[in-house]
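Labels for the chains are A, B, C and D, by order of writing; each one numbers its residues from 1.
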Amino acid sequence: MRRNEDARLLTGRALFVDDVQVEGMLHVAFLRSQHAHACLRTVDVAAARRRPGVVAVYTAADLGDYWRPGPLLVPPPPIAGLVFNACTQLPLARDKVRHVGEPIAMVVAESRYLAEDALDDVMVDAEPLAAVVDVEAALAPGAPLVHDHLPSNVAAHVVQRKGDYGRARAGAHATIRRRFRYDRGASAAIENRAVAAQWDPRAEELTVWDTTQAPIPIRNGLASLLGLLESQVRVIAPFVGGGFGPKIMMFYPEELLVPWAALRLGRPVKWTEDRQENFYATTQERGQVHDAELAIARDGKILGVRDVFLHDTGAYDPYGLTVPINSQCTLLGPYDVPTYESEFTAVFTNKTIVTPVRGAGRQHGVFVMERLLDFAAAELGIDRAEIRRRNLLRPEQFPHNHEIIFQDSAPLVYDSGDYAPALDEALRIIGYERFVRDEQPRLRAAGRHVGIGVVCYVEGTGIGPYEGARVTVEPSGRVRVATGVGTQGQGHFTAFAQIVAEVLGVDVERVHVITGDTREFHWGTGTFASRGAVVAGSACHAAALAVRERILDVASRHLEAAKQDLELADGHVRVRGAPDSAVSLGELALKANPLRGAVRPGTEPGLEATAYFGPARGSTANGVHAAIVEVDPETALVEVRRYVVVHDSGRVINPLLVDGQIQGGVAHGIGNAFYEQLVYDENGQLLNASFMDYLLPTATDVPPVETAHRETPSPLNPLGVKGVGEAGAIPTGAAFAQAVEDALSDYGVEITEIPLSPNRLFELITQAGRGGAGGRPKR
Amino acid sequence: MKDRVAAQMTVNGVPCERAVEPRLLLSDFLRYELGLTGTHVGCEHGVCGACTVLLDGEAVRSCLMFAIQADGHEVTTVEGLAPDGGGAGSESLHPLQAAFREAHALQCGFCTPGILMTLVPFLRDHPSPNEREIREALSGNLCRCTGYQNIVAAVKLACDAPPPPPPSPSLRR
Amino acid sequence: MIVEGTFTFQGPRETVWELLQNPDVLVKVLPGAKRLVRAGEDRFDGVMQVGVGPVTAAEFTVSVMLKDKVPPQYYAMEVDSKGTLGFTRGSARVALEVLADGGTLMKYTAELQVGGKIAGVGQRLLDQVAKLMTRQGLEALNKELRARLAGGSSR
Amino acid sequence: MKPAAFEYHRPDTLDEALALLAARAGEAKPLAGGQSLIPAMNFRLARPGVLVDLNRLAELAYVRPAEGGLRIGAMTRQRVVERSSAVQGAAPLLAEALPFVAHPQIRNRGTVGGSLAHADPAAELPAVMVALAARFEARSRSGSRTIPAAEFFTGLFGTALAPDELLVEIALPPLPARSATAFLEVARRHGDYALVGVAAVVTLDERGRCREARITLLSVGGGPVLAAEAARVLAGQTPSEDVVRAAAEAAATRDADPPSDIHASAGYRRHLAAVLTRRALVRAFERAGHVA
């Protein structure tokens, strides 16, 4: 199955936002804060304004009424006792800067080169303040405050409970207690963000090209802020070079300011983020510290979990509690956990804003649970795979209600699943038994340090509220599908085409999908939370079914045959058993749109239908990752020898696309586990704001991923599908930690943190070995 | 000499001449002066590889060269790979492009042009590479979507395919 | 970042002290210093141009405040600098001890914050640059000291 | 990330280039392959007022066998050197180290002389040149001089070149008989700056004892570090496991003074220096025909 979009991408014809060039276009550069935390005294832009080639320079003061904090994008779910302090980001800093890279002034010039020249002319007088960096220190009495109007740096506090953990603990054979850390990472899409805007005074229409995952909410928001009709604003998310979360409807300062400047100046304006800006200004994820405890029975059955964690939300919290609630809910994994007590505090710090990045906090929960099970297995003398098997939910336990609230404000209920066979299949593919029994002892005897890791996970996917699609059969017989979600490489052009092609009996290549242009379709939310195929795919399916009905109506009259006797195939409708009766969909489309004569009252023209789909709640995918690694204890370098993923995302529309999502996710996960860490110093300065020092895994760092699929359909949508966009990235850290720990078992290294750089692993080996450079094996 | 300087070069087989400011990066020149926006820019410090083009047939980072330095040279961009610039059908793709499409070696497609331009001279010099060599050849190009696996598969597929005819003058050696 | 160390000057403590308080001397010995003027009793303002490796001609405005002076044996200072490439803020403690051979032992500890572009893309080199500039400055000062003792300035 | 404006010159001959450097000494920055300079300019960390582009100096691009060794023009692309059979034959250490220098796209453009004159403490080529006892020819309008590699590197990004001087040629002497070399490094990813790297040249005497060892380490100091203490441990010794281990310890603890950064603490670097020195020596001695 070839992708419909590939020819354009492979030949350089695909349009990305930065490719938009319009006569007279102006270019923007932002002056950004060098300080993590400072009072802004004065911002003097007079010299910058005088520089030749500079058209305008704006500060907060120049924005007038347009200056206002951004919207709260995701209000917190209805959880009893929840505390949430909303502090959303500002278009340009006014009195205070709260993280390095926060925009202070906007320079508009004839070229980006000139705009950057003018940044040097802007004089900022800032009084540095002590920075809030560490989440624990942030909560200490007397800590400096990120937001002065709040009594502390607490952004939110949430407690969720299931059953009585205290009682479960009292009856436990053992309790396993550890502190876990999972540090920050960048989404690092290879395409940086970009926004271009053009006001057409004749049509009175504003066109905005935006690297967003959610063009419709951006259109609606911009129209409202700029005082325009929604129909006067057209937002286009053309080809987008990777999203991974931060390109969601953030209403980033740049997203608000570029259209504003285009209107104000009456000239097209473009800003393209450079890589350095991306490290400061695009949202980030992954800073949590968990204190977790597992109560376990002698036979390895989980009795309960208690977890108290701190979540670093950065300087503002426009995205609400999605990330920590994902961590909280995903921790339970595929397991039968009778009691659960989870408490988190989200903390403001002087760092870049935290919002979902591929996995969106789920990996933190999985890491905590999987590591606790590993330590429990060791303590109880139970095999690591076996302790998991004993705790997996059984098929008859679905739908399974975990009795807590998920990020979509609905109760956390798993729709369907069949977990044990996935574990067995992963063990079989990686050869777990043979490895543990024969291979590992043999290699160890030869002085090699190899280890295996096997971890399970679930992924809440495909949440609401809804998406829509319009399907149209054109007179050419080709089919147009328009939907509102943006696409960032997932293959929606092909997956949606497949869904529609199957219903209408046409060739996939005859189905033309349009996404991400609000002029084509303007109801919907966006691409996030592994929901594109589930929610928009289901809407495409529903619209295609409605069009099919119309096709059958028109064909039935035309062919004078009963609808039930008709069949759709190869772009034609024919009477079953009468091949000569075939009439093409194109002909029927013409008949459905007569230009003369009368139609029956109530007839709608054309072969077209629009439909919407909104799931009652998210569907829960699941899977197992297994890895074999080899560690060189002398250099602390780790090589991944094999990586197996068994994934169940319900019905698979296109295995090629699903495998692609998983392979990319695993690469992202390996990055998080071993290479990628945003390193902030104690003053809130990011120390690796470039691809020289922020290390994305390359082709030599990522192993081939062996994948297998299981298909337990979701009852929550007609296609039976579940999402897959984040699955590869979620359990990777946990699998990696277990495998490395296993490889170094004779050193007694315990891994409770991710990412794990060679430098850190060297420290752990040295500490475990106690003395001797690089440590020495215990046995 | 801060003013514009004349630069004459052949891009995708077509001679062109422009007056450029010396500081104009080759990547920006190709994208904004010539409108060849298939060459993408991902980091502008030579790490991501998205901007890779051929200079006299060899892969270079176009963000680490000034346009004026291409004066007198031949530049090939992704637009110059397919025989007719890549029309609608797959028959007009370069064999490597066709293999990428066949093996699902791209997702968002942003890094893809740079990867293609890295691989074209690599395959010229290594007509039947092994997996290790392919991965090392790719290690100067970042891809966030694919995990590289299908890119490696596409290279293997392209090696099995019949050798490409010289698609543009600048690819001939 | 912490920069600490010791340095031995070939000259008496009083002279070392005097040189360390003299902006006209400091402007000569501090790497990249272009200007340094006394802006108050214990305050110097100036401009430095730092060039190490790929970083060429990064200009910083600098202000230095001397504190807790105990002539000729101890002082502390606060140093602030800023420029388009970033900023540094730091405090240093400097102690001078008389050595038996007539020389002077300096013990210094500086705590330095670095921000902006130099922190974001220069981390690999910060440690080494700080050490290098400290050493260059102290060696130049020692040279100046010996020149003075020999009866003239080094120029 | 766009470079600041500069005045641009592209001389066609070396003489023209030297004249420009002389006329604008202190102001003009030579531009060789630009694979370190241009990123720094894009970040605006580097803002040279005047660039003298050396890329038209075809006269400085060559690899020539000479006196049993090699002469390499400073503007020879790294990729050309890497692929040169003359280099593989006469300077296998250089051929072994070059694939560690970034990526092919960078080496297609990057030059040998540019990398040496840039003198990054984490760069491979300076360490290799010091280990091979290369001799550099520097030229200015007022003449030319030869600088031994070990004296060329003067500390963090520092070289012995005067502002009006250009590095024009690198001469590699032939390896003495019964010599062998090895290059090893540890980097976070393929092509990254090494956390630590080691270049080793060992020469045995007729009785299989170590006559001379030139070991240089990179990324453990301000420039390439010639491990003199390690060499002393090896001198005159039969290269046993214990001797090699002792030499590696000496290199790590007495020769190296490694810095800390976010990727590797000084302690980790020191440890790696010992491990890599040991491994490089073992490999070099094996190649020299010595079986421990």
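We adopt the following convention: a contact is a pair of C-beta atoms (placed from the backbone, for glycine too) under 8 Å apart; a residue touches a chain by one contact, two chains touch by 3 or more.
Owing to the predicted nature of the structure, the values given are computational and were not obtained by experimental measurement.
The chain pair A-C and the chain pair B-D differ in C-beta contact count, and the higher one is B-D. Each chain gets one centre point, the mean of its Cα atoms, and the points for chain B and chain C are 49 Å apart. Rounded to a whole number, the gap between the C-alpha centres of chain B and chain D is 30 angstrom.
Averaged Cα coordinates give chain A a centre that lies 44 Å from the centre of chain D.
Multi-chain contact residues of chain C, defined as those touching 2 or more other chains: 84, 117, 121, 123-124. Under the contact definition stated at the top, the residues of chain D that touch 2 or more other chains are 1-5, 39, 43-44, 189-191, 193, 262-263.
Touching two or more other chains at once are residues 113, 274-276, 679, 687-688, 690, 692-693, 698, 700 of chain A. All chain pairs that count as touching, in label order, are A-B, A-C, A-D, B-D, C-D.
Within the complex formed with chain C, the residues of chain D that make contact are 29, 36-37, 39-40, 43-48, 118-122, 155-157, 193, 222, 259-263. For chain A in complex with chain B, the residues that touch the partner chain are 2-3, 5-7, 9-16, 18-19, 21, 113, 188-192, 239-244, 274-275, 488-491, 656-657, 659-660, 663-668, 690-692, 696, 698-700, 702, 704-705, 728.
Contacts from chain B toward chain D in the complex involve residues 1-2, 5, 21-23, 25, 28, 44-46, 49, 52, 55, 58-61, 63-66, 68-69, 118, 122, 136-137, 139-140.
Of all the residues in chain A, the ones that touch chain D in their complex are 112-113, 116-117, 274-276, 634-637, 675, 679, 687-688, 690, 692-693, 695, 697-698, 700-701, 757-759, 762-763, 773-774. Remark: chain B residues 21, 23-24, 31-32, 35-45, 47-48, 50, 77-79, 81-82, 85-86, 88-90, 93, 97, 100-102, 104, 106-113, 116, 134-136, 138-152 touch chain A in the complex.
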